[in-house]
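So, here come the structures, one by one.
You will see two complexes here that share chain A, one where it goes with chain B and one where it goes with chain C.
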Partner chain A sequence: MREEFEVAIVGAGPAGISAALALAEKGIKVIVFERGEFPGAKNVSGGVLYGHDLAESVPDFIRRECPVERNIVESRVWYLSLDGGFNVSFRDRAFEEGLSFNAFTVGRARFDRWFAGIAEEKGALVVCGTTVTDLLRDGGGRVTGVRTDRSDGDVTARVVLIADGVNSALAAKTGFRAEPEPNDVALAVKEIIELPEEVINERFNVEAGHGVTIEILGEITQGMDGVAVIYTNKNSLSLCIGANLFDLMSNTVRPYEMLEEFKAHPMVAPLIKSGRPREYMAHWLAEGGYDTIPHIYGDGYLIAGESGMLFNALHREGSNMAMASGRLAALTIAGALARGDTGSESLAGYAAALQASYVMKDLKKYRRFNRFLLNHKELFSTLPRLGASAAREMLTVDGISKKEKQTSIRRRIQGAIPLARLARLLWAGARSIG
Partner chain B sequence: MKVKVEDKLFLDRFRVDEEAHIRIIDNDICIKNCLDQPCLYFCPANVYKLEKDRITVAYEGCLECGSCRIGSPRLNIEWRFPTGGYGIAHKFG
Partner chain C sequence: MNFVCCIKQVPDTAEVKIDPETNTLMRSGVESISNPYDLVALETALILRDKYGGWVTALSMGPPQAEQVLKEAISLGADAAVLLSDRAFAGADTLATSYTLYKAIRNLDLDRPVDIVLCGKQAIDGDTAQVGPGIATRLGFTQFTSVVEIRELNTYDRHITVKRRVEGGFEIVRGPLPTVITVDLGLARPRRASLPGLILSLRAVIDRWDADAVGAEVPKIGLKGSPTWVRRIFSPPLKEGGPVFDGRKDPVPAVERFLDTIVADEELISELFKNPGV
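Up next is the complex of A and B:
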C-alpha cells in the first residue's frame, strides 16, 4: 500500500472517526486503520454516549438512524453495603423532550460501525483488520506515517493521529505516551444481560425508548477503589464492575468473581432476574486524570481520546471527550496542512484548543479525584457498612428509643473511624471535586 | 463465589490467530522472583495458570484489556495487539 495520504489515523473509535469525518468534510485525504474486523469490534464503554458532542459531527444523527438503545431520562447513584444500600435518583421531563438524547445508551459494536460509515460517506477511507505496529519516522524523529501488519504495509502521511484507545500498545512502544502505572487505570469487566424490552420498561419504571443509568459505589468492590454501573439498553442491560488495577493486583480478586457477586447483590439480582448473559468483555478506564495526560502533539503527530488519557472518572465521561478531542485535532491538522507545515509548532494549536475547551477544564478541576479515592479506602468498606447499619437501626421498630439508637450509632461510628479522619476525608473529598 | 470463566468466554466470539500475541519473557522470573503472581488473579479471562513449575498462557481467550502488560510486577509479560482482524470481536460492545 505505497500510497500517500495527508492524514493517517490509528483507531476507528469515537476520537479517530470524529477526526476523520471532519477532515473528509474539508476534502482532506484521510485513511483510518482499525485492528478489529469492523469498527467497534474491539471497543467497549459502559455504553453511554452524549448527544452534544455527536451532534457537532453528525447534527442529524437521529434522522440518520444512529443505533440508539435508550434515551436516558433518569440517573441513579447507589451506595451499597454487602446486604443493601442507598439510592439517590433524578428524573426530569426535560430529558424526555427538549433535552432528549442528552445522554443515551449504545452498543459500541453497532455504534462505531455506524459512525465510521458516516465518515466513509464523506470520503474517509476506513481500513479494518489492520493493526498499526509502529510509526514511521525520518532521521530527525519526525513522524512520517504508519507501519501496519499487512505485507508491504507502510503508509506515509503528513500527519498521524494516534487514537487507538487507552490500551495503546502503540503509544507505549513508540514512547509517545508512557505506559500507565497500574494505579492510573481501572480494569472493568462488562456483561450484557438480555431481557425482554417490556420487562426492562417495568423494572426500571420507564416508557418504551427511555432508559436509566445507575452508577454504583460501595462494598461491592470489596474494599478496592472501584465502581459498578447498570445501564439499560433496548432489550438488554449492561452490567460493569471494575477496580483500580493496582488494588486488583494487591487483593487477589478475580474480576469475574466480583462480577458474579455483584449480580447476586439484593439490589441487583431482582433487576437481572431470568436475564440471559450474552457477552462478556473487559476494558481499562483511564482514571489517572489530568496529571497522566501525555504530551499530545509533536512533529507530525497528535494524540486524541483515551490514548491521551482523556477521561472524566467522576462523571463517567469519555466518549464525548474522545469526539471533542478528535474534532479539535482535525481542525488543527487542517490548518497545518493549509500552512504547509505539520511540525510540532504548527500543531501546537491543538493543545491550546483542548485547554480552552471543557475537556481540559473538567479534567483539571477533578485532577485530585483519583488520588482521593485511592487514599480513602473507607469509602469502599467502613463507610457504606456504617451507613447501612445506621439506617437499618433507625428503621428497625423494636421498642428502643430513637435517642438511644442515635447514641449507639454515634459510638459505633467513633469506634470504626476516628472523627478527625472522617473530617479529613470529607475535606479531601470536597477539594478533589471542587 | 465460584464461577467458571469458561462459561463467560463461551459467550464471546474469537477468531484465534495461530501465533500467540502474549509471551512470558522468562518463566524463571515468574517462578523464582515473582512472589505474588497477581496475573493468576486479575486477568479477567484467566489466561494465566500455574502448572507445576511454569505459568501457561491461554492467549486464545484474551479479552485484550492489556492489564497483564503493565500489571506483571516484573514486567515479564510481552503483550502486543493480535494480528489485525484476529482476537475477540464484540457482538454488542
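Up next is the complex of A and C:
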C-alpha cells in the first residue's frame, strides 16, 4: 500500500520548506520528511535570516507573525588578538526604516516550525519524526521515491528533492554527493546565553527589537582557519565559534575549549557577563564553496541547500541560499511535471537557474576564499598580534615620539613577516573575494 | 468489541520545573505530549481489537491543541477520535473531568455499546489516579485499576481476567464486561506509527464536541463542577543527608560510631526489626 506523490522532499529546513511551499501553491501533491520531532528540532543555525529571500516565499511574513527575534540594524566586524582587537561597525537608519527586516535573527526551532506551518496551510504534507533512509530507484537507476524508517515506509514520487543539510545521512548512503573532505567543512559550536532584554539593549546600544551581528576573525581560533559570531536575540545571545575541521584535527583542539576561551576574551566577556547558558550545540558548516558543489540534479532528483554545499562562508549566508535554491528547484520541478518528463534533461533547468541567480554568482566569486584562509594561517596568528601591538604602541602615551614608534613598529612587522609575503597575502586575499 | 481509550495531553514533565520563588509550574516552552500511561492503554486497546475485532475510539478532553494527542492515536491505529473541547470545561478537577468523559462515553455507548474503557493508571502531571475510577463508578462498569496483564478476555461469556498491582504484590481477578481498566506502564509497549498511519493522522479531521454535544449539565463541568481547589503548590524541602561513617582508613571506629548511633535511635531500631529486609 504505497501512496504516490508528485514530489517527495527530504528535510524540512529552509530549502525543503521553501520548495514545498512553492509546489503546494501550484497545487502539486508534495510530502516533506523531517527526522526531527518537529521542523527545526535538529537545527543549529546561528540564527540570521534575510527578508528578501523569505519574502519571495512569504511576502507578508511580518503580518503572518514570523517569529523574528531582532531586526539587525548594525553589523560589526572584529579582528581580535588574544588581549583585545579592532572593531569596525556600520549602522544605518535605513535598516531601521526602509530596509527594515533586511536581516534579522530568529530562533530556528521556532522559525522552522512557523515556516513549515505555512507550507502546510498551502497543502503540503509535513511528516516529522521520520528519517529517509534510502532512495527508491527503478532498474535504470532513476530515482522513483524514498524509503523511510517507519513500517510500510516507502513512498513513490515523480521527483525527489534532497534537502537534508550538510550532514546528510542520505548522501553517505546513496553516494549522490561525496562525503565532504575535512578541509571543506567547518566544525562550529554554539552556545545560547540568556540575558534580560533590556540588558542586551544597553550592552549593544540598541532600541527594543533592534539587534547587532558581530563577525569575528583573529587569534581567537588559535591559528586555525575559523570564525566566530555573536548575534543578538530578543533575550539571549548566540555565540558561535568554529574552525576548519582539518585544522581542528591537526591541532587536536577541542571546539568547546575554543568556545570557553572566546567567552573569556576581554571584548566578549563584558557582553555576556552574568548571562545564563541555555543551550549548547555543535554542527558542521559547508565551507568548501563552489568547487565542492556536487552534481545537483539527475534522473528523478534534485539537491538543494547545504546538502548541495550551497553556503557562502565569507558572508555566513546559508539559509537564504537554501531558500533560493529550494524555490528554484520547485520552479524546475513544476515545469518538468507539466511536461510529463522528470528525467535528468528535463530537470537541467535547475542548474541553469541557479547559475543565473545570486547563489552561484556569489559562490563563484568567493570560490578561492576557503583556500585563501587555509593557506594563510598568519591571518589567525601573526597578523592580529602585530596589529594589536602596533595599535597599543601608538595609543600608549609614554614620552616616545610618534615617529620613533612608527619606526619600531615597522621593524617589528618586517621582522615577523617579510613585506613581500604581506603583499602577496593582500593580493591573494583581494583576488579570493574579487 | 467496542473500545474507548481516554488520553490526556500533559506537559512533558521531564522538562517542567517549579519556580522556586513563586512555587508555580513553569510551563512555558515545555512541549506537550500524550500521557505515557494513556499510550499504554491505547496500545492495549489496539492489541485487543486486532485479536478480537472491533473498534477503538480515542477520547480526550482539553483545549483545541489537545487534538494533537488524538492525531497521534489515529496515527497509531485508533479508528476514530473525539475531542471534548469547550471553554465551559476549563478548570475541571478530577470529579468534573470524569463526569464529562462519562457523558461522552455514554453518547458513544448509545451509538455502539461500549465493552471496555481503557485509561492510563494516572497522568504524569496530576498523578491523582482518580479519573479512571470516577468514570467506572458513573458508568456502573466493573473496574480494574493498575492492570499489568490481561490474562483472558472471553467475548462469549463476556468476562475478563486481569492481573493487577496491589500493595505488596499482585492479584488476579475476574469480572464481567463492560469494564473500565486503568493500566500500568508494564502492560504493553506502545508501537511506532507506520508511515501510512502517520499520513492518515495528518489529514484526519478530529470530531469536536462542546458541552452541548456532550449533553453535560453545566453545574457539573469545568470550574463550577470542581470542588477541588489548589491552595498552594510547593516543593518539599530538600532532605539533609544522613550521617556518614567513613571506614576506608580505619573501619573499627567507624563501625563503633555506627552502632552507637543506631542504638541511640530507638525509632530506627524498631523500624529495622519491623522490616528485616531493609
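The rule is short, and it goes like this: the second predicted complex is superposed on the first by the 433 of 434 C-alpha atoms of A that agree within 3 Å, B and C clash if a C-alpha of one lies under 4 Å from a C-alpha of the other, contacts with A are read in each partner's own complex, and residues count from 1 in each chain.
Basically, a contact is a pair of C-beta atoms (placed from the backbone, for glycine too) under 8 Å apart; a residue touches a chain by one contact, two chains touch by 3 or more.
Keep in mind that this is a model prediction, so the values were computed, not measured.
Engineer: Determine, for the superposed arrangement built on chain A, whether chain B and chain C clash or fit.
Structural biologist: Chain B and chain C fit side by side in the superposed model.
Engineer: Please indicate which partner A:Ala282 is in contact with in the superposed arrangement: first for chain B, second for chain C, both, or neither.
Structural biologist: first
Engineer: For A:Glu261, select first, second, both or neither according to whether it touches chain B, chain C, the two together, or no partner.
Structural biologist: After superposition on chain A, A:Glu261 lies in contact with chain B alone.
Engineer: By the touch definition at the top of the document, which applies to A:Val155: first (chain B), second (chain C), both, or neither?
Structural biologist: Once the two structures are laid over each other on A, A:Val155 reaches chain C alone.
Engineer: Check the residue A:Thr130 against both partner chains and state whether it touches chain B (first), chain C (second), both, or neither.
Structural biologist: both
Engineer: Which touches a greater number of chain A residues, chain B or chain C?
Structural biologist: B
Engineer: Taking the superposition as given, does A:Arg368 touch the first partner, chain B, the second, chain C, both, or neither?
Structural biologist: A:Arg368: touches no partner chain.
Engineer: Once both structures are aligned on chain A, how many angstrom separate the closest C-alpha atoms of chain B and chain C?
Structural biologist: 8
Engineer: Mind sorting out which residues of chain A both chain B and chain C touch, each in its own complex?
Structural biologist: 129-130, 148, 150
Engineer: Which of the residues in chain A come into contact with chain C in the complex?
Structural biologist: 1, 3, 31, 125-127, 129-130, 148, 150-155
Engineer: If we count contacts the way the header does, which residues on chain A are in touch with chain B in the complex?
Structural biologist: Touch residues, chain A against chain B: 35-38, 40-45, 47, 107-112, 128-131, 133, 148-150, 167, 169, 172, 179-182, 185, 187, 189, 191-192, 233, 236, 245, 248-250, 252-257, 259-261, 264, 277-284.
Engineer: Which residues of chain B touch chain A in their complex?
Structural biologist: 1-3, 5, 8-9, 11-12, 15, 36, 38, 41-42, 44-46, 63-67, 69-71, 73, 79-85, 87-93
Engineer: Quick one: which bits of chain C touch chain A in the complex? Just the residue numbers, please.
Structural biologist: 192-196, 198-199, 202-203
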